[in-house]
Amino acid sequence: MEPASLATDTHVHRSVYTDPAIFELEMARIFGRAWIYLAHDSEIERAGAYVTRHIGTTGVIVTRDRDGSARAIVNRCTHRGATLCAFDRGEAPHGHQCPYHGWLFAPDGSLKMVPNRQNYDGVLDLAEHGARPVRLEFYRGFLFGTLHDAAAPLAEFLGPMASSIDDLVDRSPTGRLTCIPHVLRHHYRGNWKMTFENLNDTIHPGFAHSASVVSAKAVADDIGGGQSLAPTVGMMLANGKPIRFFQDLDMMVAPPGHSYIGGHMGARYTPDTEDRYTQDLISFHGPEKAAAVLGTDRHLTLLYPSSTWHARYQTVRIVRPVRHDLTEVIGYVFRLEGAPEETFRNAIEYVNGANSAASPVISDDLELYERLLAGNRYEDRGWIPMLRGLREDREQGNGWTRTPSTSEAFIRNQFQAWRHYMAAA
Amino acid sequence: MEPASLATDTHVHRSVYTDPAIFELEMARIFGRAWIYLAHDSEIERAGAYVTRHIGTTGVIVTRDRDGSARAIVNRCTHRGATLCAFDRGEAPHGHQCPYHGWLFAPDGSLKMVPNRQNYDGVLDLAEHGARPVRLEFYRGFLFGTLHDAAAPLAEFLGPMASSIDDLVDRSPTGRLTCIPHVLRHHYRGNWKMTFENLNDTIHPGFAHSASVVSAKAVADDIGGGQSLAPTVGMMLANGKPIRFFQDLDMMVAPPGHSYIGGHMGARYTPDTEDRYTQDLISFHGPEKAAAVLGTDRHLTLLYPSSTWHARYQTVRIVRPVRHDLTEVIGYVFRLEGAPEETFRNAIEYVNGANSAASPVISDDLELYERLLAGNRYEDRGWIPMLRGLREDREQGNGWTRTPSTSEAFIRNQFQAWRHYMAAA
Amino acid sequence: MEPASLATDTHVHRSVYTDPAIFELEMARIFGRAWIYLAHDSEIERAGAYVTRHIGTTGVIVTRDRDGSARAIVNRCTHRGATLCAFDRGEAPHGHQCPYHGWLFAPDGSLKMVPNRQNYDGVLDLAEHGARPVRLEFYRGFLFGTLHDAAAPLAEFLGPMASSIDDLVDRSPTGRLTCIPHVLRHHYRGNWKMTFENLNDTIHPGFAHSASVVSAKAVADDIGGGQSLAPTVGMMLANGKPIRFFQDLDMMVAPPGHSYIGGHMGARYTPDTEDRYTQDLISFHGPEKAAAVLGTDRHLTLLYPSSTWHARYQTVRIVRPVRHDLTEVIGYVFRLEGAPEETFRNAIEYVNGANSAASPVISDDLELYERLLAGNRYEDRGWIPMLRGLREDREQGNGWTRTPSTSEAFIRNQFQAWRHYMAAA
Amino acid sequence: MHPLERLVHREARLLDARDYPAWIDLFTPDCHYWVPVSPDMTTALDGPSHFNDDRQLMQARTHRLLNPRAFGAEPPPRTAHIVSGVEIVSENPEDAVALSTQIMLEWRRRTGFEDDQRLFGGQVQHRFRRVSDEWRIAVKRIDLLNAESSMNAILAPF
Amino acid sequence: MHPLERLVHREARLLDARDYPAWIDLFTPDCHYWVPVSPDMTTALDGPSHFNDDRQLMQARTHRLLNPRAFGAEPPPRTAHIVSGVEIVSENPEDAVALSTQIMLEWRRRTGFEDDQRLFGGQVQHRFRRVSDEWRIAVKRIDLLNAESSMNAILAPF
Amino acid sequence: MHPLERLVHREARLLDARDYPAWIDLFTPDCHYWVPVSPDMTTALDGPSHFNDDRQLMQARTHRLLNPRAFGAEPPPRTAHIVSGVEIVSENPEDAVALSTQIMLEWRRRTGFEDDQRLFGGQVQHRFRRVSDEWRIAVKRIDLLNAESSMNAILAPF
């Protein structure tokens, strides 16, 4: 069956979540073609510094080259195929040497040395045995890669959503960000798309997270007005906002599959800190831009199919498909160099609440992802409706659409991209 | 290969136990068409009371509706597919609400409410988005369901085997039975059919359970004649009966795939209890019927492909296929309202001995099911003979056959049904 | 795709390590046709003694028959398919009785008895229901079996490699060997061929085992020259030999897929022991033969696709494919009857170092096998080069080739056999 | 160490040693060895049980465990009992009660790989009674964490 | 048994009993319950954490655990804590520190088969402080063996 | 606590801390660290062994464990030893024997998911000898429940 036919403008077939063959195709056609967020400049500062990441189910190594440029290659030795790096991050000042027979690869994948050269005299051309390089592009310090050499430029892929990355970077009063090397990982036994269809869904919190709301309320009552709420307890409470609130909120969707919704969880600053931070921003950006930056309040931005961005709390998450029924979500938190310590504390609180498997909020979502897999395996009607807010679009821009945050427009937009990627053989 | 050709009148191909593709077909064609025992009236007494069960690999919810009727639906939300109920049993007086976005379904599956209705104005027809209903029929308080709307009536499916259910119900001196909510589950890494081909097999006990016989004998000798044997020790001992005994015993087989064998393990009653119970039965049924009921002594009845019935010990088991190589067996025990406590104590002893994974008898069988899977995966002749007792039929009735309990007639009869189910596309 | 086309003279496609369908074919066409080492004479001494082994993924039972001959059958009952023996080894003086219904099979598979015979009168021909026999041949006390009745004789399969078995047997000053019943098993999540492509690979030790070399050196320095090195520490150190050493060493390859490399790890003898042993060999073999035996110094011999032989340390290993991504390696150690105790102590030290999952050396290799599986699953170039030493062959004999031990000739030779086996339908 | 705590450890050691006769001797003649399918069960007549043994059945099943023809027990299973947090919750001259948290690592020979091990755990309640001046186990109740779960063959007593 | 060792066992028992209010009462008002993502982290600002709770969050999450609508906690998870090698590494009049090795067997109802259990383990550090003449837990830090691993939903506190 | 029981706990703690030099110092110069492939083996020459170490090999393998180029030990494995039921079965002025039941939870970085943990367990026998007035471990024998099983790479000593 032609895979693209499994999704229409308004419906998707449940097999896209349960069929391993579809997953294989997704790896080749979606993750093999899209731009995938890999790493931040600050993770590979010194020459030889590297991190390992994934593009779909393919491992890659991102390395800082001697000339200061970033390089990425598939994490596989071209001799017999062993993975070159076993660590998440490290230093390889002399290149990546295979643990099996010592073939040595430069950051860009070129094969520098094979031991006992005489064995290969006249039969092995090193130039033909480099590791597969990954095409790279930076956007403001964030490195994206693609296995598709003919992919359109990154800027085109990001489109209007680039502004969500600007939002993150511009919040630094020095323009500098540092990615914290400790990361927070969770996973679930369900399909990767479930996360993308959940994170901008503003109807589910009132139901899926109702227990968190109840318990947060109980604690709030218990401690009374005197004491202030712990941030994560506040996050639990936030899920109780009335639907009306989310209906008024905007959602922006743009091809291919991207979206964000208006913010609604501004972090508190103690006044004095706020003033100082504002001053610093003004002196760095000038008054107008600073005002614009402080005025921006976006909640999660989703860059389909593999990353989610939260500028206000300096958190980026990578959604990593492992199997059709197993997905990992990796949370990275950034320090805005020069910003008040309070900013970073808020960011840490956020990433813990938003990405720890032990977060009361996340554990609800993880449970649901697994119930979605179970239910979609049952013998039942095949088609899933994506109709919510179908007629509620508010504004049509050049390459983007504005609609209520309660709409499933972002899911329809994702499957439009999905169809497009999956169609071309 | 045409699946039906994998079974003949006398042989079956070992791939029917080892091939996942065959299992998929079985779920669609056998469990998707047969009548499957779901639950007993007493499990869903009050309106809103529900239990979750399976039809093949599809989860279903059985609920008591306000109007007193029983309803069943596939346990899947028609929005994005989450399972509606996570519990085995519970109360849903207001219907089944999906944990994800709060869609609310009535017991019969009709979609009652979707939150923030305005998102769906003019685009979603609730009437078209009900959960899939399961067709139901009761037989004397026992609820059966089928996913096949065109299936013949339940009575036709049960045929002469309905009398085994009568046997269970008629043993109650009040006509009432109560299903105990605590259930006993075991599983094995093997194919579901292995259980059906084992439970009416009277040749295997003398070999498969020989160790239990030896040990029970040792204990019996040890305690001497003075003390009476514990019931489970008696059950262990019973496996040592001479084959002659089983050869004389009758087996009844009837389409589609059903069978039972004559009883051989009557439970002891202390005389006085027996008298009182007999009196009660007579006053409830009248003398002839009471005599008939007490005269009946059937061992296990198998309702192919999913339940086994033991009237004498008020035990019903559900055989649940999970994967081609994983099967769960769930034991339910019933209280005969008004019968002596002794009856229930015997029933508890029986279900423990017959369905606990820790039962010395069951653990032998579980081991064998797994050895059957292992052996049938080996490179060897493809066909399994079902020849035992091929020429020993004793009587041919209208829709049933009587044969020695040592015969494999019940297996041949099962595969006749199997072929029939699997043939039709 | 035609499987044979996945390997050329110089390249192999990575899917041969990652594709379950290829593995299925390998079981049928390679392990279903080759001669597989099963057991040693001394493991089944008395009549009725048996051991269970595998041919590919099929379990077999090897039994000593009453007439003194060895017999092997598939470990599967021809009734319903249960495995007949659950143990690794044991005594079945009366034949193999199935645990399920007691069918009794003779060592050669003939069906001797079915209980309650009358059930089968006129319908079951015992002669037609024997267990599948495995064709057997001995070479100097070592028993090989094949499921391919038309396979060429064992001698032809062994070819010049038979001399490695001679090497093992001839080291016994009495001609007698005893296989120790305790065996050492390890496994890895990777393809079975990885082991065969590793064990005669002399380039990898300097890289893969570098950590062992470093640590062994550290200990050696620590204890100083005074104390002698523990054998396993010596084995760790041996991986540090210069490549030059291995380049000078010879490798012999012969069809179908076999190879060995020159020895390089002669075990130490205390002089007096050495003298006594030499005397015994001379009196058993005569001076020339004894000199020849003692002069032979071969490292591992690989009998493709399932066993490896180390005469010098009386160790035989069986490589058992379980799944395309799971492999077990089973180590057997032999006692040379009449040889000094020191010989056996060396053998024990060797098998521990060479086959324990806890061996510092083996754990490196196991890690690499799993990294090879991971890397070869990545989206990357498809073909793996087997070019090392392509032009370095030293001598072409009648049915064998001599080449440097650093060459990948043994891998090319393995895939030549692989192609040959896989081609024929 | 409290003598009753020592007795709890002693019982675990005897089970791991498969010295079943000595194990059974730790119990009273009218003892009850019970593993219910739910922590909510208060008596063995509230529903089915994984184990609901009197002394006779304890004897029969352990005698069988040492029989090489006991399929599912080829060879006999091995166990390692870990005992933690023993607490004597009541102690009288004639009877006493102890709670403990225990896990049992079990090995049964299946495929021969590492997953032949299973882990069981939960809360154990021992009810002791003094018999001819010695403490004996009158009731042992094990509430497995996964009491309601579907179990594969269980051979070794917890 | 040392009173602080008894306290460590008492805490484990209360967690297994899901008596969360009593559990929280063992802690100081300004307590810190911490499960970092790496043993190398020295403060909760060195990076993210699995748990980084003050008393309020401990209350909120445990209150939720007993709510039947808490998806992922249907029914509430069960645990069995095994405590080994308790070592009082420092003890002063006002504060003390104990190390222990603990494993926690956890059961959550998923598919209903035996693999619904998970095992966590590692080193636990308790920092105690005397509050109104009683020992309370000021800091509990759990360094899981697999701290850096990708976790599925974790409901029950360690 | 009996000094020998304390020593057994101390050894476990040092292993979990990967303080291998201090661990080896607990042993006698002529020590034997042994993990046989069967409980039936009475000497290390009855057949092969998983571990059959003298002090030298203990040093070599633990030195290697801390080497980042030790494939299969990237990063070094982590363990949590749980010790239960320590029993001093013989004690003389110059030597002593202790039995204990132990399980070891092990973590090695593989795929990064929860199944990177393995569990080993069984009975441990310590043979002690007095060396210059101090108790040292002369023999440590670990009988794993699954001694005969096929093992994947084992890096950390039990």
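Chains: A, B, C, D, E and F, in written order; residue numbering restarts at 1 for each.
In the analysis below, contacts are C-beta pairs under 8 Å (C-beta built on N, C-alpha and C of every residue); 3 or more make two chains touch, one makes a residue touch a chain.
Model, not experiment: these values are computed from the prediction.
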Topological distance between chain D and chain F, in contact steps = 1
Interface sides of chain E and chain F: same vs different residues, half threshold | different
Which listed pair, C-D, B-D or C-F, duplicates the contacts of A-F in over half of its pairs | C-D
How far is the middle of chain B from the middle of chain C, if each middle is the mean of its Cα atoms, in Å?
-> 48
Mind checking the centre-to-centre distance between chain B and chain E? Centres are C-alpha means, answer in whole Å.
-> 44
Where chain A and chain E are represented by their mean Cα positions, the distance between them in whole Å = 31
For chain F, residue numbers touching 2 or more other chains are 69, 71, 74, 82, 84, 103, 109, 112-113, 119, 148-152
Please list all residues of chain B that touch 2 or more other chains.
-> 86, 99, 185, 187, 208, 328, 367-368, 371
Among the chains present, which pairs are found to touch?
-> A-B, A-C, A-E, A-F, B-C, B-D, B-E, C-D, C-F, D-E, D-F, E-F
In their complex, what parts of chain F are in touch with chain A?
-> 69, 71, 74-75, 109, 112-113
Where on chain F does chain E make contact in their complex?
-> 9, 12-13, 16, 78-84, 103, 105-107, 109, 112-114, 116-117, 119
Seen from chain B, its contact residues with chain D in the complex are 180-189, 208, 210-212, 214-216, 218-219, 222-223, 227, 229-230, 232-233, 236, 328, 330-331, 333, 344-345, 348-349, 351-352, 355-358, 360, 362-364, 366-368, 370-371
Per the touch rule above, chain A residues touching chain B in the complex are 14, 17, 197, 201, 203-204, 206-208, 243, 247, 367-368, 371-372, 374-381, 384-385, 387-392, 404, 406-407
In the complex, chain E touches chain F at residues 82, 84-85, 87, 99, 101-103, 118-119, 121-123, 145-146, 148-152
